[in-house]
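What follows is chain A paired twice: with chain B in the first complex and chain C in the second.
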Partner chain A sequence: MAKAVNTSPAGGMKWGRQPNAAEKIRAEKQNRSKSKASGLSSWVTGEAELKMGFVIVGIVLFLAVLSFFYTPFDVYEMDTSVRSQAPSLQHFFGTDNFGRDVFSRAMVGARFTLLVSVATVILATGISIVLGLVCGYVGGMLDEVVMRVIDAINSFPSILIALVMVSVLNYGKLTIIPALVIMFIPSFTRIVRTGTLQYKNADFVKSNKVFGDSDFRILFVHILPNIYPLLLSSIVIGLSNAILAESSMSYLGLGIQPPIPSWGRMLKEAQDIIFSTPWAALAPGLMIVFTIVGLNCIGEGIRKKYLS
Partner chain B sequence: MRYFVKKLCIMLVTLFVISLVTFWLFHIVPGDPAEMMLGTSASQEQLNNLRKELGLDRPLMVQYVDWVDGALHKDLGKSIQYGKEVTKLLKGKLSVSLILGGMALFLVILIGIPLGVFTAGRKHAFSEQLLNFVNILGISVPGFFLSILLIWVFGLVLHWFTPGRFIPLHRNPAKFFQFMIWPAIAIAIPQTCVLSKYIRTAVIEEVRSDYVRTARSKGSTKNRILYVHVLKNAIVSVVPLIGMIVSGIFSGSIVIEQVFGIPGIGRLLIASVSARDYPIAQTLVMYIAVVILVVNFVVDIVIQILDPRIRISR
Partner chain C sequence: MGRNILEVKHMTVTIHENGEEYKVVNRISFTVGEGEIVGIVGESGCGKSMTALALQDLLKNHIKVTEGSMMFDGRDLRTISAAERRQINGSDMTMIFQEPMTSLNPLYRIGAQVGEVLMLHGHHSHSEIEERTIEALRMAGLPDPEKTMRMYPHELSGGMRQRVMIAMGIIAQPRLLIADEPTTALDVTTQAHVLELLHRINQQTGTAILLISHDLGVINKICSRVLVMYAGKIVEQGRTEDILRNPVHPYTQGLIASIPTRSMKGRPLASIPGRVPPVTEEKPPCPFASRCDKAEKRCFTEYPGRKTISDEHILWCHVK
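This part shows the complex of A and B:
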């Protein structure tokens, strides 16, 4: 029995069969050619993801900006002669039941969705930076209370909080922004706080304290810049969540009111006519997916590049 | 046992605070139920009379105590919009939503866990890049767009179910599940992607530990190690996520009930929020809060039982 174990030295330690010498050399060659091609390795470092993300988001931004100057068709004009047409060369994504060009409307819809989500994320970041820095730095009772509240908010379904806030804040064109800001404060604050705790007792902070820097200066000039990479990737991913949340809310009819096109609203209208013109959902839906994939790629890329 | 009591106390306190905040939020809103019921043409006297009748003229604290007392005795007040008792309106809707959520959770666990382990076993391969991309795609597709696509492809083109025709469970269970599986899939897909990603990370961490080497050296197969030894330990680190996943499922189902036209609490919630029907809205918010708090509480206890290491460290 003991002999049987000894005859296979370290054989069972690796997955499956051990490669012999010739196979090893071949494998090494393959590895080398792989790293030369740099296709796969750049995925691992996040370079390729970053590039792809920037290209995708760039296209969406371009379409949104272009919509101010040019759209293939007028977004509000209803042309009964081209009602409910399937996608064609003239109408890339077809027309809806009023004869409006779906692609043009999706281009214009980008404006409002992007405006709301960028505003939301900027506001949430500003509040979270202050809250997180102060909580992490001061600590004690304040920290405990704020963190409990944040945990409670975080455990709730995000859409529920937005729903409650929208109904409490009254309808308005931009009510949706403060309603969404609350959704994003918890995760951002936690990141800033964790970062602050990490650097609070670092040597460079201590030495600055000795030189008589104020707490304010230490927090914003010395600690905050160290947190940026981590915060940046969450902000980008937060932006994609904000777009998701905004379009959900306008889908539910609690965001922007018609006739201004927004992606969520357009999907709602497309769903009502799904039996006759199912393609009306494609353009706004794909725009949302496209934008969010792009932002997620950028976020993941930043995280891999700066934090690995 | 001390831990159990401590967690229970924290849960009850959180519940109390949430109920207080919810109640307060819904009562600082301009436009109280009396104004909603009588419309803009009502005189001040009529308003005052109705307020007195509904007990709205009392201090907020008294109203709160009254509401909590009623809730504990199954009296949740009357809906403004429908004029019916809230408990009657909720009847049947809770179970539909719970079944939908349960189906989604089942799918998430059934697919997410094996998928995570499977991808962890194939590190650094092309399939990893592919799955990574599919994962990003899965997280990126909004539930309502996914639902519209499902309705289009499986409902209108393939005729596997009839869109928009909800059949209650007691009338035809087979048809009920045939319909409900689609919204469940739409809710489950993003959460599955999240779960499988976490499982994958946890498994890759675990594979480095000593017991895996022991299992290998005694000759266990790769799959046996991954699915029997490693998975058991990896799951422990993923159990805390169940709370997050349940809350994600709620988020999803609120919107997706709307898309598929399922008469559950999500639809009722949106209708009541749009119409400012606060007795219903605050009841539903509390209901969801209770479910989530209880799930988190159970998860905390289960972790204690599953992993003795955490018990010692506390």
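This part shows the complex of A and C:
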């Protein structure tokens, strides 16, 4: 900071006099506002991406939460008098072939899609943290076995595994969650394991041992927090992948059952009527794109701001 | 001097690699008395640090203590359980590392890291921990400990971080402090301060110190006894003044001759020709024989026996 003060002509400083505290603060503020003012640099530092991402994801979340209290039209009521209407001021995204309001259904559809993807990512992260930490720290045979199993999972197309899981497990409303969790464990585990390997021989971990920390404390109190930034951006990207995966599963008819809407489900139904009412696919499609762009912005912003 | 706090007997450290075994520390024996400062000196790669790591059970998986015993306060460190080990670590025996820049977790404040040592050893009262942390930081010579406590490691210089490490080392009032080249990464003025600090801690709290260094000047300043190590063996040991004034082993003589002094000004710096043989190499019975200008035939065929020069001054060499 002292350097910045010396090079800045502002602040009324004279030669041979140390700047007092108030001047230092003023100079620092000026420096800060300067870096904020430049729009380009905020893209480089990831600030702009973070902001944009939070706004977009915020809007989607707002719509999803709002759907619990209010939707423009009833989601399940079929009204033959307004079948297959094009978008209008009354029906923002038109109505489907049963006369249901597409926008309202997309709002409610967000609930299930977001629930599944958030639950998937939380579960997968929890399991991966334990697996990755233990494998990286203990090493040896255990590490070898777990990593080969993960390689095996990785070598299947992920959608295939999910299909098999859904058909093997008892078919229920949320069977899709464990199926997706399996898909996400490999990449998260690798990230945690790599981070653990990086820190397990760090000097501060050695000194923790010398001062009597247990292995458990070393792993969860000293190593894990150092891995968080690495993990955080992949969690956010993982969320958007989970939304995509949920949508594809629902599209294939393996997610939620009608008439409850989810984005993937709505796309599947819209496919049959794509030539008569193309707008039926627009709302869920746009919601998916919107959410994923938002989440990727956040993920990228985190990566730029904290990891580089 | 009283009782010995640490008694190492015939300790051997072996590296297992590609089905081969190499001894990096070869049957060394030494003691550290209570409240004593003992130095281990030698070139890089002669087994000093391995000895320290073996004492703290920090050896990597493929390196093991294969022989001998390490008695700490009457308990053999080789046979105690992991839980007992954790109990000793930090409260009775601690270690300071060479690299202060990376020895602190970057995510926690200084106070939390220093205080954690106490918390791990059964002190749970928040105010007591804080009080003793401030006291330890002050004792380690950090100005304004209350402020330092709230800082993160990146806000401190190398010398200050080493002082924080020392504070962590002494906060639980251990009986033995192992310092593995504590001054190597610091600049010269800071080195002197840190050595002075270690000496003062020793005087005030009676903590015994095992100081590992490649710098005889450092050893000379604070150690009462020195062990000279070469290629995994102790070749000469004794009181610091005996070793420095009257070195007998050719290796010790070489080490002392290679310290630059004022009277040598203008002349080329003295050095010991050759290098420490790598651990993978088969060594003659006297490991120094291949570099020794006084070496005789038997140095390559017979193990040099233990010779006592004077009280406590012990030597392993054929020539003298």
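Keep in mind that, in the parts below, the second predicted complex is superposed on the first by the 271 of 308 C-alpha atoms of A that agree within 3 Å, B and C clash if a C-alpha of one lies under 4 Å from a C-alpha of the other, contacts with A are read in each partner's own complex, and residues count from 1 in each chain.
Everything that follows uses one rule, which is that contacts are C-beta pairs under 8 Å (C-beta built on N, C-alpha and C of every residue); 3 or more make two chains touch, one makes a residue touch a chain.
As the structure is a computational prediction, the values presented were derived from the model and not from experiment.
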Report task. Considering only touches as defined above, state whether A:216 meets chain B (first), chain C (second), both or neither. Result -> neither
Query raised in the report: Who does A:274 touch here: chain B (first), chain C (second), both, or neither?
Result: first
Requested in this report: Identify the partner contact of A:70: answer first if only chain B is touched, second if only chain C is, both if each is, neither if none is.
Outcome: neither
**Report entry** Between chain B and chain C, more extensive residue contact with chain A
**Finding:** B
**Report entry** Contacts of A:207 with chain B and chain C, given as first, second, both or neither
**Finding:** second
Report task. Pick one for A:226: touches chain B only (first), chain C only (second), both, or neither. Result -> second
Requested in this report: Would you pull the chain A residues touching chain B in the complex into a rising list?
Outcome: 12-16, 40, 43, 152, 155-160, 163-164, 166-168, 170, 240, 244, 247-248, 251-254, 264, 267, 270-271, 274-275, 278, 281, 285, 288-289, 292-293, 296-297, 300
**Report entry** chain A to chain C touching residues, read off their complex
**Finding:** 139-140, 202-204, 206-214, 217, 222, 225-226
Query raised in the report: Which of the residues in chain C come into contact with chain A in the complex?
Result: 56-58, 61, 86-91, 94-95, 97, 99, 102-107, 116-117, 120-121, 165, 168
Query raised in the report: Which of the residues in chain B come into contact with chain A in the complex?
Result: 14, 17-18, 22, 25-26, 28-30, 126, 129, 132, 136-137, 139-145, 148-149, 151-152, 156, 163, 213, 216-219, 222, 243-244, 247-248, 250-251, 254-255, 258-259, 269-270, 273-274, 276, 281, 285, 288-289, 292-293, 296
